[in-house]
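What follows is one structure encoded as structure tokens, with my remarks underneath.
Chain nomenclature is as follows: A, B, C and D, assigned in order of appearance, with residue numbering initiated at 1 for each chain independently.
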């Protein structure tokens, strides 16, 4: 998972209907172009008539200048020949990740701090919030912060402003405890993946006060789920989940704090894996290599 | 947790509206009767105007013969004086636990093994099933097995037969993957607590094929929840929960196996804690001491 | 766990040789002084001849002015009468916690963030480091930072300077990945508890490169242990531990990152519990209420 | 993980020094022989100069009769050509697994029960014990049980008897809480892998009474480690590990019970993975696909 960072490393993500000989043919395309396969993960949803997924990391001297040529060869062999779809990525091109927050700082700070430490292979061109509170924290990391208030009945206007800021400038949008609903139109318009984090009780305890209601049911675990956002806001494909034990000794507020600890861990893992192209969407599910 | 097993040990479980001086007064009743408090766990749902819970294990020489007298003293001081409710239990009187199963054997066998190994402080007077399949397994442990088929439209008749077998003979009924719905009337009539185990996705993936549907959503954790059964079958107070990590590599069937591993652990913990009077119901929640 | 924060709340921690009637007598001292017991946790190492531990949170109007009187009553009844030892604490007096770090920032920042968010009931009068690197990060939180280099053969001098800074000014010292060995003399001289965090392989993989060596053994879990520091540096009473799953896919460096995630969670829990007087030392073990 | 069970499915495990083009060449050997690759997992210990591991599941009509031919082709291309080593396995040939136990039944029963349920793709030709206690339990599953007492100074004699029973008859030996030390000579002589399970404190709390000593240190997690046995008995390559949380409330005996719950889960996973050829040894480490 580490050799794929420097110059001349690439990633090829392939998916489609499974068929005989496909692993070998995907590998062969790369080898014919002079690439050396560094790592290969493959998965099939079902051995007969299933869907096929492959993530290949390769080394190809002069990759930057040879990218177009490689892309063309892959298209010919895999798309025209086998009906597959693919993504071809230079590892050194970090994804541009914008973060949308409200007032809670735990997920945001965790991402900013990991980014500064060099744990995340991404850049953060901006943080947007419907509240001004976290501006100082963000700017201290040298990252632009934009305050876009969401007035009552002003969601459409706010989304328009979001799009003005984001379109063309980002490869991924992360909702790091952004407490506003995102419209389907916004998702379409934006055109890049959006990752969200929420507590893991859903669909139980939907709406306000989930931790209080969880406590009233006597739950013994609190957790978090990171997922891609689809039109059904909290129902998109799950990327990562985790939980932590709690007991009757913890108040609802303490449950929420424990939940926050899980949220930041789960979100940062999900973002990190996405940025390394380790997550492949499969309908409403995911393959996480 | 261990000293409370032999002769002369008792447990006093007290609950009610919180009020000043209550811990001290509960303790004093026992001490006045000559009991030595071995362990005391106390919890309050809210420091102001909350509900109060206390589990006390005590040693009182000649407990068996002095039980009535002690009971009367407690009733006077705690019920009449403070409006509390209580349970007074001799530790040496093991609870009588019947098990209701269908075809899946994992939860049943786990309980039988642990019982034989001396891990559970209970007796098992009978196992009842709507299928004959597990009869041999059960009888090998020297435990009676009753086959009560549930015909289409025959649920009422089956429940009547269950009641004939159970009433007066058991202190707890465990649904160890019993795949029939229990009626509210049955619960009322039976008059003892009922513990159930189910997969922990609920209320997600309700109904048939939960693991297949969980897989289609890309879940990364599977788990189980043990709870007291109320009229809202799967919505009763939670006693214990746990989870295990899974990935896209596991098939839906493998998810189910992993889930079964969690189910038997979670159910056996819940049953064990109930038998030690460590679980106190608080509305639709629980305190687990 | 939450009601014990405001004015007039106190905590009484009692420990000593177990004996009949002790819970009741400890409670009675408080009640006689007009205190209302809010919560009570009690534990005995062994029902016969064991050690006794009790943590009581109480409410006593005018606690601040009545503290001496209460203290005297407790001393009379519990120390003189029963040979117990105790700690009496006003909940509103936050502990003063100094942090000692080297270059790694993850544990430090986690504590600073939580402190700012109001999660930890403590003040942080200073951070000391043998490296200047983290000074800016610390001062941004409005907390003094002192750089005390440790020269070769200069450990004694550095410890003297540490003592000058710390003595009388702190109630707890936290080693948040401080990579220098602490002398027994320093511990004695300092006179307040010291909490350390280390990876949880110990005593395996002692010394340099633990994650590389763990990888060479194929470990599937990495974790962290927070403990009180004794003369045997990494062998003191454990306060908290946790782990996270890893696989052959993670490089040694990635294992270390995962380990860091666990370290900061475990350390912050241990510090939080200590500050709430929930941890009682029992020889080389702990009771964590 | 599931498609590889029926007729005509095979597994090819390859390992050796990493080198350019190797994934493609391994795949090509199979494809040239008419095999369809069903799944492929690959791992490299280090992208430059590391060790290479690949597990490939394939479908080849008439595999049983074409096995020799395939084997020869692989040997030519991979061993002679690339200096790799490999294992070629027909999925339908279940491994023969003998189990060695003492008196504790939890790991044994878990394996026997999973085997009966069809969870483990293996056969169990025999169970051997140095005590007669578990004979009835084993024979009920229709499995031969041999009692081989180990007298004082009689270890050599017992090992000889073990070898008489085992040699040529088994593909794997599982020590399911076998409380005797195995000699290096026995391992050499036996010539098949041996899997052991032990509590996960090691190297802490080595020897007798580990749970009592863990309790005295205040541990908050108990766990288990399954590993291949080497001459350094408890130091061999780790296959699987897991833990469970505990607190001061649990007695040393209860810690041991919790530990037993983890042991049987961890051992059964390790055995299951080994039988599916998902575990590859890499020096004193493992790759678990």
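Quick notes on this one:
The rule is simple: a contact is a pair of C-beta atoms (placed from the backbone, for glycine too) under 8 Å apart; a residue touches a chain by one contact, two chains touch by 3 or more.
The model shown is predicted, which means the values in this text are computed figures rather than measured ones.
For the self-contact between subunit C and subunit D, the two sides draw on mostly identical residue numbers; the shared fraction is above half. For subunit C, the chain with the farthest CA centroid is D.
Rounded to whole angstrom units, the spacing between the C-alpha centres of subunit A and subunit C is 37. If you average the CA atoms of subunit C and of subunit D, the two centres end up 41 Å from each other. Within subunit D, residues 2, 43, 249 each touch two or more of the remaining chains.
Subunit C contributes residues 2-4, 20-24, 27-28, 30-31, 36-44, 46-48, 59, 245 to its touches with subunit B in the complex. The touching residues of subunit B, when paired with subunit A in their complex, are 43, 200, 202-204, 215-221, 223, 235, 237-243, 247-249, 282-288.
By the touch criterion given at the top, residues 1-2, 105-106, 109, 113, 117, 119, 140, 249-251, 253-254, 257, 261, 265 of subunit A touch subunit C in their complex.
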